[in-house]
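We call the chains A, B and C, going by the order they appear; numbering starts again at 1 in every chain.
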Amino acid sequence: MTKTGVRVDRAAGAAHAVVWLEREPVNSMTLEFWRALADALTALENDATVHGVIFASGLRRSVFTAGNDIAELYAPKTTWKRYREFWLTQTTFLSRLLSTRLATVCAIRGACPAGGCVVALCCDYRLQTTSGSLGLNEVALGIAVPQYWAELFLYRCIDRVKGESLLQRGVLVRPLEAQSLGLIDEVVGEGALMSAAASAMERYLKLPSSARATTKRTIRSHFSASWAAYAEEEAKGGWKMLNEPHIVKALGGVLMKLSGGKAKL
Amino acid sequence: MTKTGVRVDRAAGAAHAVVWLEREPVNSMTLEFWRALADALTALENDATVHGVIFASGLRRSVFTAGNDIAELYAPKTTWKRYREFWLTQTTFLSRLLSTRLATVCAIRGACPAGGCVVALCCDYRLQTTSGSLGLNEVALGIAVPQYWAELFLYRCIDRVKGESLLQRGVLVRPLEAQSLGLIDEVVGEGALMSAAASAMERYLKLPSSARATTKRTIRSHFSASWAAYAEEEAKGGWKMLNEPHIVKALGGVLMKLSGGKAKL
Amino acid sequence: MTKTGVRVDRAAGAAHAVVWLEREPVNSMTLEFWRALADALTALENDATVHGVIFASGLRRSVFTAGNDIAELYAPKTTWKRYREFWLTQTTFLSRLLSTRLATVCAIRGACPAGGCVVALCCDYRLQTTSGSLGLNEVALGIAVPQYWAELFLYRCIDRVKGESLLQRGVLVRPLEAQSLGLIDEVVGEGALMSAAASAMERYLKLPSSARATTKRTIRSHFSASWAAYAEEEAKGGWKMLNEPHIVKALGGVLMKLSGGKAKL
């Protein structure tokens, strides 16, 4: 396990790398974790011999990531300065990932709620193991779904009405249902996950990389730019919401539950 | 039956109300009817103990509503002043319904063309009885589909190409086809309609209402605001169209047919 | 065969015409060919007795069109002046076709890549023979998909994620897969193509033409106008791309392959 929880792995001569998320126990996403993901993406983009990246979980348990670390959202435990930095770092990474020149494949082992789901939706291709879950479950935690997360989710969902219902009710869906909604491209057994991800990557990498990357930018750069441009304003609105008493109370409850009743709030 | 044709019913202690549409014989939607619907929505929104609303038809026959009253669209029988008021009242109600904080369920018994279809599309969840129909059939009557009605229909339709074809040909679809297009969430037997609607409502109401309502506003407020902002201009264009001789003739024919040849035009 | 490769055929008394594309051997689309298509559309629109148009291939082999003539894209064989004229003529035709008052049916016999696919996507209804292919395969040729071609393709594709993947990988799909994606409305045997196209046309023509055309304009004029407005800027960007050494090399390779090694580059 690395210090940052993010490890980049590249086979000799391979045109793509694997970014392993391995911050035990559940890859909860802190400021430092998002920063490490952003640094990994920058390093790969700056290497002209790299044309693709696979994201995967290296955790012991079957979890891609549990999403944002609740401690980053619980106002009494953070500051406006840190929350702003957290939100901008995360949003910059996600909006860049959406339109990166690299072919992007997300190999999802197990649970993939909230922030992890957004990482997956920013990729070109998503595989998930048969026993897992996917979605934006913010409402079930008592908080609203961030605007561009909701829009990206609905954009990628075949059935917008069903998608709106899932968002409003904070529901996570099983991989096969996610596949039927167009949110997951391929459902595979756990043992076949990484080889299937590599096969998917090969299908992208055999094309002329410049034409492929330009087409991807054509399709996604408008959304990506709007998202990035809204980050600062969204951070302000988010901080205001996170300081509302009923939200503080709700997130305090989540923290207490996650800690098995041992959190000091 | 109420004077306005709109009756609000709320079980003791219930977190939601039922708005019954019961203007015999077919709930044809006049200025006064839309105004009564708007008043009902406002009253429910202003009551902090209400979190949801189910719309249902209390008619004797199996009709949700027949849509706008043709007399409101037939230029020789109305005035610019009344038509403008009619269009603004209707559009304000619909655009507010789309993004209301209340969870909204539409329980559709039987036929649901035109204006009734738009009411349904503005809700969060739609159930329809097995024998019914749904769609925007304006073209079949000789008039164009209003812009935001068409956009909302296509927005909520899984297959945009199919949706465009239905609109251009003024076709109503059966409930099961509407379900396959994503326009209807659940098709049920007539006897089970209201209990299934209540169950759907429960699935929304068990979530934290503030997070749910904020997420809904996030998803829909942009569309809702554009729609409301366009109402005045749309009323002007609509009035111009309704005064074109071939439209007057076409709607006169519809009125005559509806009256069994007894209308005085 | 006509000089321009475009022949307009209209049965006596018919409310619609058939535009035959018959530039042997594969209807490769030159400046002159797009101009002839545009002229045919204008002539039909100017005839108040015409309400619909079917596009079909009159080639000997089973090809709708092979798309843009590579010679128009290969910088060493053309000029900025001609390329600009080519791009504006093509884009003006396509954006007008998208929102024309005429009901439009595309009867696709066989292969339908790139430019031919965009012609089809601009129509109201698409039929394709069982053995054929459809899509935007630019990336496979080493060039990027033009912005509005990509947007139109994704707009009409039920599954946006799948659509983005097809575009990025330059994949053509079989007619039945195109149908499942919503890109094709009907797959028919080759012998039944023109009669099925005529039946589809009848379903549109039986509606009041003014209401139908206004509704179509309501649905599509925003996209159509943005597309047309972007043509000049897109031509500039396209010419710049087509002069990049690796693109010149890639298209030179395509030309050489198409000529069986006999092209003089």
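Rule of thumb we're sticking to: a contact is a pair of C-beta atoms (placed from the backbone, for glycine too) under 8 Å apart; a residue touches a chain by one contact, two chains touch by 3 or more.
Since the model is a prediction, treat every value here as computed from it, not as a measurement.
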**OP:** Indicate whether more than half of the residue numbers at the chain A-chain B interface occur in both copies; give same if so and different if not.
**Re:** different
Subject >> Rigid-body rotation angle, chain C and chain B, from Cα fit (steps of 5°) >> reply: 120
**OP:** Would you mind pulling out the distance in Å between where the CA atoms of chain A average out and where those of chain B do?
**Re:** 38
Original post:
On chain A, where are the residues touching two or more other chains?
Top reply: 158
Original post:
Inside the complex, what are the residues of chain B that reach chain A?
Top reply: 103, 124-125, 155-156, 158, 182-183, 185, 203-204, 207-208, 210-212, 214-216, 218-220
Original post:
Which bits of chain B are touching chain C when the two form their complex?
Top reply: 138-147, 150-151, 154, 158-162, 164-165, 167-170, 241, 246, 250
